[in-house]
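One structure below.
Going in written order, the chains are labelled A, B, C and D, and every chain counts its residues from 1.
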Amino acid sequence: MEAGRLDQVVEKEIYVSVGPQHSGAGHFRMVLKLDGDIIVDVIPDPGFVHRSVEKIAENMLYVQIVPLVEKVTHVDASNLAMGYVRAVEELSGIQVPERAKYLRTIACELSRITSHLYFFGIFGIFLNHSTMFMWSFGDRDLFLDLTQLLTGTRIAHSYILAGGVRHDMPQDFPDKAMKVLDYFERKLEDYYKIFMLNPVMIERTRGVGVLSREDAIRLGATGPVLRASGVRYDTRKDDPYAAYDKIDFEIPVYKEGDSYARVMVRFREMQESVKIIRQALRDMPEGPVRPKRMVPRWPVKKGEHYARVEAARGELGYYIISDGKAKPYRLKMSSPSFRNLLILKHLLRGETLADMPAIYMSLDYWAPEADR
Amino acid sequence: MMDVAGLIIRIVKYLIYDLTHMGPVFKAVIFPGLAFVFILAIVLVWLERKMAAKVQMRIGPLYAGGPEGILQPIADFIKFAFKELIIPDQADKLLFIALPIVSLVVAMAPIAFMPYSRYMIISPNPYGLLFAMAFVTLFPLIILLTGWASNSKYAFIGGIRAAYQQIGYELPMWFSALGVALASRSFDFVKIVESQQPLWFALTQPLGALAFFIAMVAEMGRIPFDIPEAEQEIAAGWFVEYTGIMFGIYMVSAMLMKLYVLSLLFTVMYLGGWLPGWGLPEAWTFVKAFIVMFLIMFFRAVFPRTRIKTFVNMAWDKLLPLSIINLLIVFALTFTGFYGGVQP
Amino acid sequence: MNPVKAFIDSVKSMIVGFKYLFTVPRMTLKFPEQKMVLPPGYRGQHYLEMDKCTGCSICAMSCPPRAITMVKRDPTPRNKRGLFPLINFNYCIYCGYCVLFCPFDALHELDIHDLAVYDRDKLIHPPEFLQKVKENPEILYEYSGMNVIRTPRWKEEYAEPVFTRRGVKHEPIRK
Amino acid sequence: MDGGVYFGRLSRVVEALRRFAGKTVEFDPIRRLVNWGRLYSLWPVHVTTSCCSVALGAGMGARFDYERFGVLPFGSLRQNDLIIIEGTLTYKFAKRIRRIYDQMPEPKYVIAIGACALSGGIFRDAYSIVKDVSKVVPVDVFVPGCPPRPEALGRAVMLLQEKIRRSKVSGEPIETPIVVR
């Protein structure tokens, strides 16, 4: 709309731009068409972080693509790498030592916890609950300490490589991990009391942005969004990878399908992740974690393959076409955030402007992942 | 010339007498007035940030200077004072420039009627409660005007929200205040406090006190009712276009003066002001008001923001009946002579 | 929602807040004064041992952002072609592949990872400089112009998180 | 552009006053006071260009807590002083960043963090990204890393504070040799 004086506005609807500079939208823009306080229509404007990852990947060695795909979702790096490495390994039949599988599980779950904590922080700040932001980001840092102990860096791990993991875990890792997990389990109770039980928060999220089971399936929702709508679907159970088939854990499912359920699914998933890490540390067998010598060229066979993993935001798929050379012919990512973006439009229509942050953030939309 | 010199000498003599005997100038400029309020404002900003930081397991402002970074608010203010002023092309310029100053005046005016003790009051007035409440009521209109003058969509939505919010809390607030006035049979703050002699009104009118408290937090625009300036929905709401010192003035008036004035109002109306009155009566008032301020600032660390819809629903469904029931109870009690003692 | 239950839950939330206000310790790492102990194997700034380098260029080949260029220097007995890596930290993503894939252990990583510069040219580290970093890692701060903020009035000490029953805090350790 | 019109017809008088004030303000005690206010009150804009925002988030969180330095994120850009460009800047975003920069009041500062912001990093083959952020907005401090540690961002804030401390109120740097303390 042209910038004019407000008293000259005769239309009933006004357009309000949310993002990219806006405390309610990071690297994403949507234009809301408002009738009074009701959102009549949403015009999403993604693509602010489009970096043509798939095309760049065609000019890179297979090993170099691991950090590349991690950049797509920095908060969830190991899961992203896990999906890619799984595709490569299954395509060319690379065997992975047993211990490496457990280490991969630990890395993936640490990654999931940090990602969910990131979600909680941002969700808190979107509801203007700054304490939740500070607590989540503070506790997230303790987990980043663990990942830096395990993988060598805080965020972009590049830990999971074809044929194993980069290096074995340090001697003092289990002790430190147990300390952090004990602390975190105690802390989660306080999270629950100050945020989930908080009547103001419940009032803002319960019954807001309800996604029915049918709509969730029809629109292709994935991950916690799908599970909050009552669909029990998780790649970790349905198509196990790493060591998930040997580990006992539950998949939290909620029936309500509103923002509160989506938050609760993530909350319960963090508790499950803590359990998974504990079990993996306990059951981990001895043995090698990688081939003797790491080489930058991976022996990838000719062919094509699709593999998927359960990233923090949902099911993440990689499709690789290889012509047997050092670089892939084509790499296609199917990212969960992009699939959940469709739902945003569906959910926002008819809600009020005040519900926009609660709905938008409850999808845990990560723009670089959707734009790629 | 001699006359002028004599006049100056007389003025100086008067000032000395006034300042040493706590006359009107002392009251207006130093103790319940300007100097005290501005020092308190600095301490409050610092305290709010520090307290939120402690709940959030972090430190808060530290390196700006002073013990524990107490100079941080001054640094912020200096920065704003020397920042560029931007007046949007499309704005209503006169209103845009004038409104911050008007808002400061309106926000600070009730201080004149607020008693710290029987004598420590800038402008004693038999209708002090009415005046103070009238000025308090005026502030959302300034927010609405600001939203209009900025001619920005975010600011406009913020202004509309403020007006909408006022529709919710205004009636419960006045009805609760009416209960106090009825019980003490006066609009005079001094009489209101004195008539709380055995029991505070917070104890004899708990429903009214609760309704007034919630309406008061909404009036301040503090979390959980900071709906007009909702950062995450409408950028920063009604002051989105203000820069530099004009924003600084808004921060002082909207964020701090309202907090201070309304907390003091609550103390005087419901918490018995300077009662029990022995020792230094001003200290009693101050400590009580400070606890109220502390509690309201503490909400920031615990609650998220409500929605405008819910708030207005709650105000009409819960607060208004609460305040009316309170009023009826007070009405009944006055006939039984429960609040006797102070005659009109 | 039931208003009485809502009131009780609000009070519960506030009690948690008060608990944190009075009992739980702060977890902030006072950064310029305190530094974190980084684990061995942390992927920070690189250094080079020029006498081990053979100029095989595997580091440059495996570098995902192509931050490493092989530059010509005086040949050594081991390095007959005289090719040594120059690392441009404008590009470097600290993935550590160069160190991982180096067959001769010539490249290594330090635990220094807090560089910031006014001038981006200071981030291009030629092989001689990478060699010097090994002997004196502090040279990194001087070279990048950060010595203006490293004042002696801060006693820099190492700290690490300590978990107590009430929470977590950072306590200084001796290293 | 969304700048301001300075007081309409009074602009000439205002300009003279400004010149006078500009001279007065550069006296050393006043300059130090103003710079002290500025350097301990850097409010960053809520703009996340890309994924290095995780470093900023960690820095704002309870572990590193940049509010100690006076860095307090605030909702609206008219009240902010600092843009932190976090990572990749696409051409689509670059227009907005320039617009955000123009809308902010003087003085304003820019910190660019992450390899992508410095040079394009791993994505510099992409057709859609800006390889050099300083061609879009003037950058004061650069931070390498992908993403940088929060400590590095803290160092960047300290470098920026040092830069402000050694500049005039108008923003020009003072020509003094940098003394190694």
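One rule holds for everything that comes next: a residue touches a chain if its C-beta (ideal position, glycine included) is under 8 Å from a C-beta of that chain, and two chains touch if they have at least 3 such contacts.
Bear in mind the structure is a predicted one, so any value in this text is a computation, not a measurement.
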item: Each chain counted as touching subunit A and subunit B at once; value: C, D
item: Selected pair, greater C-beta contact count between C-D and B-C; value: C-D
item: Of all other chains, the one whose Cα centre sits farthest from subunit B; value: C
item: Euclidean distance of C-alpha centroids - subunit B vs subunit C, Å; value: 48
item: Centre-to-centre distance between subunit C and subunit A (centres being mean Cα positions), rounded to whole Å; value: 25
item: Between subunit B and subunit D, centroid-to-centroid distance (C-alpha), Å; value: 35
item: Numbers and ranges of subunit B residues touching at least 2 other chains; value: 55-59, 62, 154, 231-232, 235, 301-303
item: Where subunit C touches two or more other chains at once, by residue number; value: 10, 13, 16-17, 20, 26-28, 30, 36, 64, 93-95, 167
item: Subunit D, residues touching no fewer than two other chains; value: 61-65, 68, 75, 122, 146, 149
item: Topology of the chain contact graph, where touching chains are joined (line, ring, star, complete, other); value: complete
item: Subunit B-touching residues of subunit C, taken from the complex the two chains share; value: 3, 10, 13-14, 16-18, 20-21, 24-28, 30, 167
item: Sites on subunit B touched by subunit A in the complex; value: 52, 55-58, 90, 148, 151, 153-154, 156-157, 223-224, 226-227, 230-235, 300-310
item: Subunit A to subunit D touching residues, read off their complex; value: 20-23, 26-27, 47-53, 55-56, 59, 67-68, 71-75, 118, 121-122, 133-142, 144, 154-156, 368
item: Subunit B - residues contacting subunit C, complex; value: 51, 54-59, 62, 298, 301-303, 318
item: Residue ranges of subunit B in contact with subunit D within the complex; value: 49, 53, 56-65, 69, 71-72, 74-89, 93, 154, 229, 231-232, 235-236, 239-244, 247
